[in-house]
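Each in structure tokens, the structures are laid out below.
Look at the two complexes coming up: chain A is in both, with chain B in one and chain C in the other.
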Partner chain A sequence: MNLMANILLNVLIAFLIGSLLFGLQRKVMARIQTRPGPPIIQHLLHTLKFFIKESSFPYTAAMPFYIAIASMLCAIWVSAVIVGPVIEGSLLLFFGIYALQKIVEHNAGSSSGSPYGKLSCVRAVFSAAAEVPLFAVLVIIYLQTQTMVISDIINYQAVNGPLIFTIPLAALMFFVLILSKSPYSPFAITKGKDIVSGYETEHFGVLRGYLMISESIAWYMLLWVFLTVFIGPLGILGYLVGMVAISVLIAFINSITPLLNPNHSIMVQITFAFIGIVGSLVLMLVM
Partner chain B sequence: MDIATLGGQLLGQIPLGDIVLYLTPFNLFMFAGALIFTTLIAISRTETQVEAEFGSLNDNEVKVGLKEFKIRRFLAVVCGLATAGAMITGDVFNFTLLVALIGIVNIGIVSAVKQIDVLNAAFQYGLIAMIASLPLFGGAAIILASTGTLSILEIAQLSFTTPMMFFASVLLILGIAGETGIAPFYATKAEMFRTPGSPFILIIHLSSLLVIVRAIEILLIINKPF
Partner chain C sequence: MTTLKVSSYAIFLLSISGIIYALLFNPADWIVYAISIVLIPTFILSLGLILMAQVKKEEEDERRNEPFIGY
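Moving on, here comes the complex of A and B:
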């Protein structure tokens, strides 16, 4: 297939599936809390709605930084789709993309001048301190497979079996990372309702649409990386079943846990990271 | 060890005398990302922070003054260029030099704000960054002494890792953590996030995270785990 067509197709799939999985997650959470909940396509409709609404910009915003930063978040996650499903490139590059995304999340909050965005910005910096150690999972994968290239990791698993059985604690670390990126998660401190919508508070119209598209693609990509790196070569059906299963599991966790305060959130994530790194290294030495 | 197993296929090298830059998709992406953000910072205004005034219903607007804006923007652009250089360099010494430059300009960006809390944070961060330059350059020096080269491409060709190379890597980690102000030295930089100047805060955060990601690549090349 033509490369450009391949990229467009994968970005479209990532956006649509990511949006529907978010919708499914809200539905499951609502049912657990004995509410009817919104329809599964609600998140998708909500995203599209923002593209036909009026865009307005606060007079306090840092222009053109404020506009560019929201657009860049979209570009960054499209890059992730290219590195992942399209070319199956390096996980280290994916980590670089994740780092850039944290910076954008941080500055989307501070660039508007809103005190809620500013608080979200500070929390994003805090959460980076916890999420970066969780990304040490890449080094563990590298030590196990001797490569960071996704296509080589898939081949490794085709021969040696899924990595989730050989380095389960690393898989747990990555799962905690995915959990921390889901809405209503106990670790979602950057978008806690105590600070309205966090870094999204002062983004309206098209800019909010960009942020929501990015969230959907980010969700799809994190699930794709988890399934590819820890379960191994999967078909389309395997990916779909895996993504739905993880989204439902996370919906269960989110519906029965409160949002942690920032300090507790960071300490819990760092504890998971510490257990994951040390435990994985010990397991690799013993086995 | 093959560099391609970390950052993807080696696309090419740019030999500038002793300085050899090498390009993988990973290095190129990080380099381009740092340059795009730097350009954005160079052309952006700062935001106005709106805070509720205590004891009344009025708002208090906090802005960045023109003189402060100019010096912070200049330092932020230098920091962005140094970060871009650190992403693409193929030489351990150049990497440490650029990381030290990032530390110095970060101190400048923080200390240009005339607020007591922020200046205190800048002072503490400055102390840490200055102290961290010793293990940073010491690590590079020990790598040169134990391998005979500072070229990352040459080090990648070596088939062994000596205890001194491992020791040098530990020093490098300490140096990088101090210069970029990441945990456990993170608290020294926290105060500055209270101030207005979102584009300048971005470059401090950007340089820290990108340098850490690049450092992982370099350290895995130096310490061959298999």
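Moving on, here comes the complex of A and C:
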């Protein structure tokens, strides 16, 4: 297939499936909380709705940075789609993309001029301090497989079995990272309702829809990386079942867990990172 | 608003041309990656800026002079 067509197709799939999974997550959360909840397609409809709403830009916004930062979020997750499903490139690039995502959260908050955005901007730095150590999961994967390239990791698993069985604590670390990025997560301190919508508070109308597209792609990509790196070679059905299963599990966790305050959130994440790194190293030495 | 409209159409045309170029002419991989990373987001943004609803003429003043409720 033509490379550009391949990229466009993958971006479209990532957006549509990511949006539907977010919708599914809200539905499951609602049912657990004995509410009917919105239809599964609601998140996708919301995203599209924002594109035809009247938009305005706050006087306090730092233009053009305020708009450019939303574009940057989209650009980095399009890059993730290229590094992931399209070329099955290096996990290190994915780490770079994730680090950029934290910078976007930080700058989107500060560029709007809103105090809620600024508070979220501070929290983004705070949470990066916890989420980046969680990404040390890459070191564990490298030590186990001797490679960082996704296609080689897939081949390794085809021969030696899924990594989730050999380095389960590393898989747990990555799962906590995914959990941190989900809406209504106990670790979602940058978008906690105590600061309205965090760094997105002043991005409304078309820019909110734009951010939501990027977030849907991001959600799909995080699940894709988890399934590819820890479960191994999967078909389309395998990916779909895996993504739905993880989204439902996360919805269950989110619906019964309150949002942690920033200090607790960071400490819990760092504890998971510590247990994951040390535990994985011990397991690798023993086994 | 006119400046925004004109620049949105310009960016939209530029990004759609770049994407069609990559689709039709199959340039080197790094060019396709660059086009994808830069032009897909700008395509979505410009499309949004073109499609978004415009403020009605009679409501424009209300929008501009809304008292700043402050932070």
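The rule is short, and it goes like this: the second predicted complex is superposed on the first by the 287 of 287 C-alpha atoms of A that agree within 3 Å, B and C clash if a C-alpha of one lies under 4 Å from a C-alpha of the other, contacts with A are read in each partner's own complex, and residues count from 1 in each chain.
The rule we apply is simple: contacts are C-beta pairs under 8 Å (C-beta built on N, C-alpha and C of every residue); 3 or more make two chains touch, one makes a residue touch a chain.
Note that the coordinates shown come from a computational prediction; the quantities given were computed from them, not determined experimentally.
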Between chain B (first) and chain C (second), which does A:L177 come into contact with in this model arrangement: first, second, both, or neither?
-> neither
Check the residue A:L3 against both partner chains and state whether it touches chain B (first), chain C (second), both, or neither.
-> second
Answer with first, second, both or neither: which of chain B and chain C does A:L93 touch in the superposed model?
-> first
Check whether A:S55 is in contact with chain B, with chain C, with both or with neither, and answer first, second, both or neither.
-> second
Report for A:P115: first if it touches chain B alone, second if chain C alone, otherwise both or neither.
-> both
In the superposed arrangement, which partner chain does A:A128 touch: chain B (first), chain C (second), both, or neither?
-> first
Give one of first, second, both or neither to describe whether A:H106 is in contact with chain B, with chain C, with both, or with none.
-> first
A:L169 contacts which: chain B (first), chain C (second), both, neither?
-> neither
In the three-chain superposition, say which chain, chain B or chain C, touches more residues of chain A.
-> B
Does the superposition put A:V206 against chain B (first), chain C (second), both, or neither?
-> second
Return the residues of chain A at which the contacts from chain B and from chain C coincide.
-> 59, 72, 79, 114-115
Could you please specify the touching residues of chain C with respect to chain A in the complex?
-> 19, 22-23, 26, 29, 32-33, 35-38, 40-42, 44-45, 47-49, 51-55, 63, 68, 71
In the complex of these two chains, what residues of chain A are touching chain C?
-> 2-5, 7-8, 11, 50-56, 59, 67, 70-72, 74-75, 78-79, 82, 114-115, 205-207, 209-210, 213
Residue numbers on chain B that touch chain A, as the complex places them = 4-8, 24-26, 29-30, 33, 36-37, 40-41, 43-52, 61, 182-183, 186, 190, 193, 196, 198-199, 201-202, 205-206, 209-210, 212-213, 216-217, 220, 225-226
Footprint of chain B on chain A - complex, ascending = 59-66, 68-69, 72, 79, 83, 89-90, 92-93, 95-97, 99-100, 102-103, 106-107, 110-115, 118, 121-122, 125, 128-129, 132, 138-139, 142-143, 146-149, 152
